[in-house]
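Presented sequentially are two complexes of chain A, the first with chain B as partner and the second with chain C.
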Partner chain A sequence: MNNKKNILLVILLLTMVSLAAISVEEGQLLLTKIDQQSNFEGTNLSALMTMIAEDPDTGIEKTKVLQYRSDDDDKFLLLIQEPAVKKGQGYLLIEDNLWFYDPESRKFSHTSLKDQFNNSDANNSDFNASSLAKDYVVRTISEGTLGSYAVYVIEVEATNNEVTYPTQKLWVTRQGNLILKSEDYSAGGRLMRTSYYPSYAKAGEKVIPTKMIFVDELIKGKKTTITLGDISVKPISATVFTKAYVERVNK
Partner chain B sequence: MNLIKIAFRNVSRQKRRSNLLAIAIAFGVMMIILVNSLTHGLVQNTQTNFESALGGHIYISGEILLPSGRKANRIDNTAVLNAVIPQFSSFIIDSQKRSSISGNFIFRSKTTSGMVYGVHWDEEESLLNALSVVEGSLDRINEADAIVLPLEVMEKLNLVLNEKLLLTFDTVTGQANVGEFTIVAVTKDTSGLGFSAAYANIDYVNALLGLETDEYQSYNLILTSLSLVNPITEEIKQAIRAQGVPLKPEPEKEDVSMFSMAVEGMFGTVANEEPWEGTRFKVENLNDFMDMVTQVVAILDAVALGMFLIMLMITMVGLVNTFRMIMIERTQEIGTMRSVGMQKRDVTKLFLLEGLILALRGAFLGIIAAMVIGAIIRIIPFPDGTPLAILLHNGHISVPLVPSNIIMVTVIISIITVLAVWSPARKAAKLTPADALRL
Partner chain C sequence: MRKNLLVFILCLLILTPILAVDEEALFGSSFDDDLFGGDDFLVEDISETEIDLEQLMLTDEAGITLGGSYSFSITPGWSWNLDNETDTGTLATDLSAKLFFDARPSADIRVFGKAVISYPFDEVENKRTFSDILSIKELFSDFSIHDRLFLRVGKQTLNWGVGYFFSPADLLNLSEIDPSDPDKELEGPLSVKMNMPLGIDNLYGYVIVPEDAKDITDAAVAVKYEKVIGKSELGFGAYYRNGQAPAAMVTLSSGIGDVSVFGEGMLSYGSDKKYLKNDYSTYYENPDDRFYFSATAGANFTWNDKESDRSVTFAAQYYYNGEGTNLNTVILMPFQNNGYHYGATSVSFMLTKKVSVGLFWYGNMEDLSGLVKPSITWKPVDAVSMTLGLNGTYGDIGDEFTMVGRMLGVSLGFTLGEANF
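Take a look at the complex of A and B:
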């Protein structure tokens, strides 16, 4: 009798666990939700980013960047405001083409979303609209904690060659679906970068991280901290996302 | 024969004047030979250094179009090369299949950019012989993650032998990747090309890049002669086209540079060209990278030619004037010789012979002087890291004395001297004995 009771208890517990656990399919839906709440569809985003890049070799560099996003059109513009020596440098994304503008030579040169932004630990793609659901497939998902937050720990694998990191591990809050931490792995499975998103703000109906910390896992002591301010979702003229505009603001 | 003996005796009579003339001719000959030899050595060393750094004379690479529209540097269709290359086997002394990674070396908190060539060590004897090892040994190069690193990188990152080194880069499909290497040997960069090329096992490099074990990104050929580089390149292109596979269109001349190629290789530029299927091949050669050197050499050759012509003119003017003076001084002697039966043509021949002897004596002195000065120049050591390294061989200037150049200069000087002497010789011959003796 006791044995039967024990077996029934085990079956009940297993059933509860399986009902509570989130499935890979649900994990994939979660990625979609993350994209939806992060992307500014039907509206624009502008913000002032303050970037502090710490490098044990070269020291600390502070940069201020104006950010404009038009996610509906797959466009963004990053215009460096400080330091003075880099003022006017711009990164203009128009669909699949990312251009770097040098005000010294007044020329645009083709660059890549996979490249580092301004020699920091942030990549150009970090400022683009989120496309986790399109670019990644969930391999495993489990529940866990990160500090005092209850999170889902999701391991994702790239579905195409357009992304920089073939595999990532994401810590996503169970309440609110906010990414708190991300580990980015190389094609060979080595941890290259850890990204922290400790704070978010609401911008209209969407959410945006107001602080991002990118830690280089290959070079000890190297990291970049980005804080966002002056966040606005007011409409931005389409002319802002043009080469002509970038040249004009530099005149 | 008498005339030759008389000519030798006459040249020896006015030692000071003859020696001065010979020295003037010698100086001109020496300068021309040295300048020609220096430019020859410059080109030779630059070609050798490029050949050593780039791994051959002709470089065949390929690219494929990814579904996203971006290009990946890889040769998917090796059957084409297997069919084409044997057609040129009689012109090829060696060939190398390589892959390469362009990325950033990382050690602790320091980074520096660099290139790693993946090589088949057991097939690259010429590379093994060319590497100038300053630390470690090449005995361990067949270890999977072994790397032969340039001294420049070792010093920048404060590395020691047997240390582990990281390299961050993009795979052929553009994903971020990290490779770990063990330093087994350190080499000195003798090419002077200024980029830090390391060497590792191609199997490991391919695995890091996302290529199959037997794949490669470039096929480099070493030809039997440098003069064949351009014609064989064109024939290979035609043979590849005949296989029905596409060739990359020729870029604008301004775009062909090491830097632009490295940038394209690193960023995998978006293909905004007509799409293609399979592997699109690119065939380049050493001369494509030596445009600047070729221009400098052409300028140097033009300068050398200009110097040569100026010196010839000066020599001619000097000789004409000198032999006019000789004719005036020896008028009575000419009269005496004519009066004892020497014919006009013999007088002419005598003066021409004297001129020729002076020219040959001067040329001989000039050649000796060029050899001595060339030997001294070759001894001069240049420091490591000098910007001139690309022009040097093992830290020294090369001054190869080319026999054909020496013969050519000697013949031209001789002809010029004979021409310069011709007019005074003819005038001397036309003098009548009576007039000559009366003067």
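Take a look at the complex of A and C:
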């Protein structure tokens, strides 16, 4: 009789586990949901970003950047507004091409989404539309908490070598599918960066992090904090995403 | 009952690692708790900004922005002629300021000007003209026609070729790239530039007014079409001016992994280059009844060590100068274009944020003469840097880089108080 009870108890616990757990396949669907709610399809996004880069060697540098995104067309434009010496430097992404514009030489040069943005801890890819479901597969997924939030902890691995980080560990809220934190690893499995997304803004079903903190895990004390203000979801003129516009706004 | 309890505890012990990852290890840091431990609203509704972000950088609250840069350097040095066994001391000074204004009376138009003032300021004693001391580098206005056709009118640097050390396709700018200072700003002509974006591609038209133009027939015209294919960009252009050799060019810029690659080809019917003959009194010109083809290809990349301040920047380029020269003549202008085959390479290693080393090579691959410049730079503070450099030429006497013999120089340059404003 006791044996039967024990077996029932084990079955009950295993059932609880299976009910509570989320499968890898469901994790992959979760990535799709994150992409869908992070991408401003059918509309555009523009914002004024304030970037504070802290470096133990060089001190604190403040940069103001105008961000324009047209996710439907795979386009973005980042324009440095401050400091004055960098005003007009721009990053223009159109489909697979990312150009950097240097107002001094008046030349556009091809650059990579993997590169650091303005020597900060942010990468150019941090400002692109989200494509987690396309670029990564879920390896493991489990439940946990982050502070006071119930989250899924997802380990993902890149499906291509176009991504900035080959593996990532994501902390995603179970309600709302918001990425709160990610650990970004090199191909060798070394933790390169930890990213935090403590606040979001919402327009309809779409969300965008309004604060991002990128902590350099290799150089102690080095981090970059980005806050988004003056957000607009109004349509952006197609002329903004042209070399002509970038040339016009520069010094 | 005890047995049941034991089984239950055992199951929990076994299953705990499956149920959840070690929370302390994952989320236990104070930073995590600081950020995510409170009851603050994580998501807020977007309140649409009242600022017109599209117009923000096209306008200026003050109406005009002034800025520029200041540089001062002094470089004592010593050089030896290894073939003639002579030596001489040198002292190079550079004092200059770049000033610009950027006036934006409305979002539809802006006027921009940039001038450079450089030392020495005495015209007579130093045989400098007023325009050497104060030179207008750019003066133009930007406007558009219905946001479809974008015009830049005035004296302006034109973005035409893609080469780094050499750019045979750059048919428009007045100055050529100096391979030993490839980032130096080029001087452009007085021109009307028209740009029509065609989706991701661009169409450009140019009307160039040369300084020596007497009437409208002296104006030059050029067109360029930039076509993006995948991750590559192709450019096709043509240039025509009455009395000069008409030319067409093609450019390519692309990437292979993290390496940027680029190439140019230029075809002209006739040549406008003049060469001084050995008697130094008469000129030799290339025949005009044939085609000349020049081409270049190169690559560059930057590697940053994410675990330190170290980085490597590398650039290399080959240049086939189809206009070349007659081997019996001494080239007059431009001096750099003597010969048919050239190469240039630069590599710099950033060892720390304050110390970097570099190596530059520029050579004529035909007469096997060239220039090699290793250097080390120390930047103890932002406004001060010191560069110790060697400067050596190799080749036979009479070769392009060793006309008067092989030279070996050493210099110690101080850059002080450099600033942008």
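FYI, the second predicted complex is superposed on the first by the 249 of 251 C-alpha atoms of A that agree within 3 Å, B and C clash if a C-alpha of one lies under 4 Å from a C-alpha of the other, contacts with A are read in each partner's own complex, and residues count from 1 in each chain.
By definition in this document, a contact is a pair of C-beta atoms (placed from the backbone, for glycine too) under 8 Å apart; a residue touches a chain by one contact, two chains touch by 3 or more.
This is a predicted model, so every value here is computed, not measured.
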{"item": "Partners on chain A (chain B, chain C) - clash or fit", "value": "clash"}
{"item": "First (chain B), second (chain C), both or neither touched by A:Ser182", "value": "neither"}
{"item": "First, second, both or neither for A:Asn97, with chain B first and chain C second", "value": "both"}
{"item": "Which superposed partner A:Leu79 touches (first chain B, second chain C, both, neither)", "value": "second"}
{"item": "Which of chain B and chain C A:Lys220 touches, first, second, both or neither", "value": "first"}
{"item": "Contact breadth on chain A, by residue count: chain C or chain B", "value": "C"}
{"item": "Which superposed partner A:Ala203 touches (first chain B, second chain C, both, neither)", "value": "second"}
{"item": "Partner chain in contact with A:Pro56 - chain B first, chain C second, else both or neither", "value": "first"}
{"item": "Which of chain B and chain C A:Ser120 touches, first, second, both or neither", "value": "neither"}
{"item": "First (chain B), second (chain C), both or neither touched by A:His110", "value": "both"}
{"item": "First (chain B), second (chain C), both or neither touched by A:Ala158", "value": "first"}
{"item": "Residues of chain A at both interfaces, chain B in one complex, chain C in the other", "value": "57, 96-97, 110, 112, 114, 186, 192, 218-219"}
{"item": "Touching residues (chain side chain A, partner chain C) in the complex", "value": "2, 5-6, 9-10, 13-14, 17, 20-21, 46-48, 57-58, 66, 68, 79, 81, 84-85, 88, 94-97, 104-110, 112, 114, 116, 142-149, 153, 171, 173, 176, 178, 180-181, 186, 192, 196, 198-203, 207-208, 210, 213, 215, 218-219, 229-234, 236-237, 239-240, 242-244, 247-249, 251"}
{"item": "Chain B-touching residues of chain A, taken from the complex the two chains share", "value": "55-57, 96-97, 110-112, 114-115, 158, 160-166, 184, 186-188, 190, 192, 218-222"}
{"item": "Of chain B, residues touching chain A in the complex", "value": "66-70, 106, 108-111, 166, 168, 170-171, 173-179, 208, 210, 267-270"}
{"item": "Residue ranges of chain C touching chain A (in the complex, touch as defined)", "value": "3-4, 7-8, 11-12, 15, 18-21, 23, 26-27, 31-33, 35-49, 51, 53-54, 56-58, 65, 67, 100, 102, 110, 112, 142, 144, 147, 150, 152, 157-159, 183, 185, 195, 197, 200, 202, 228, 230-231, 233, 253-255, 258, 260, 304, 306-309, 353, 420-421"}
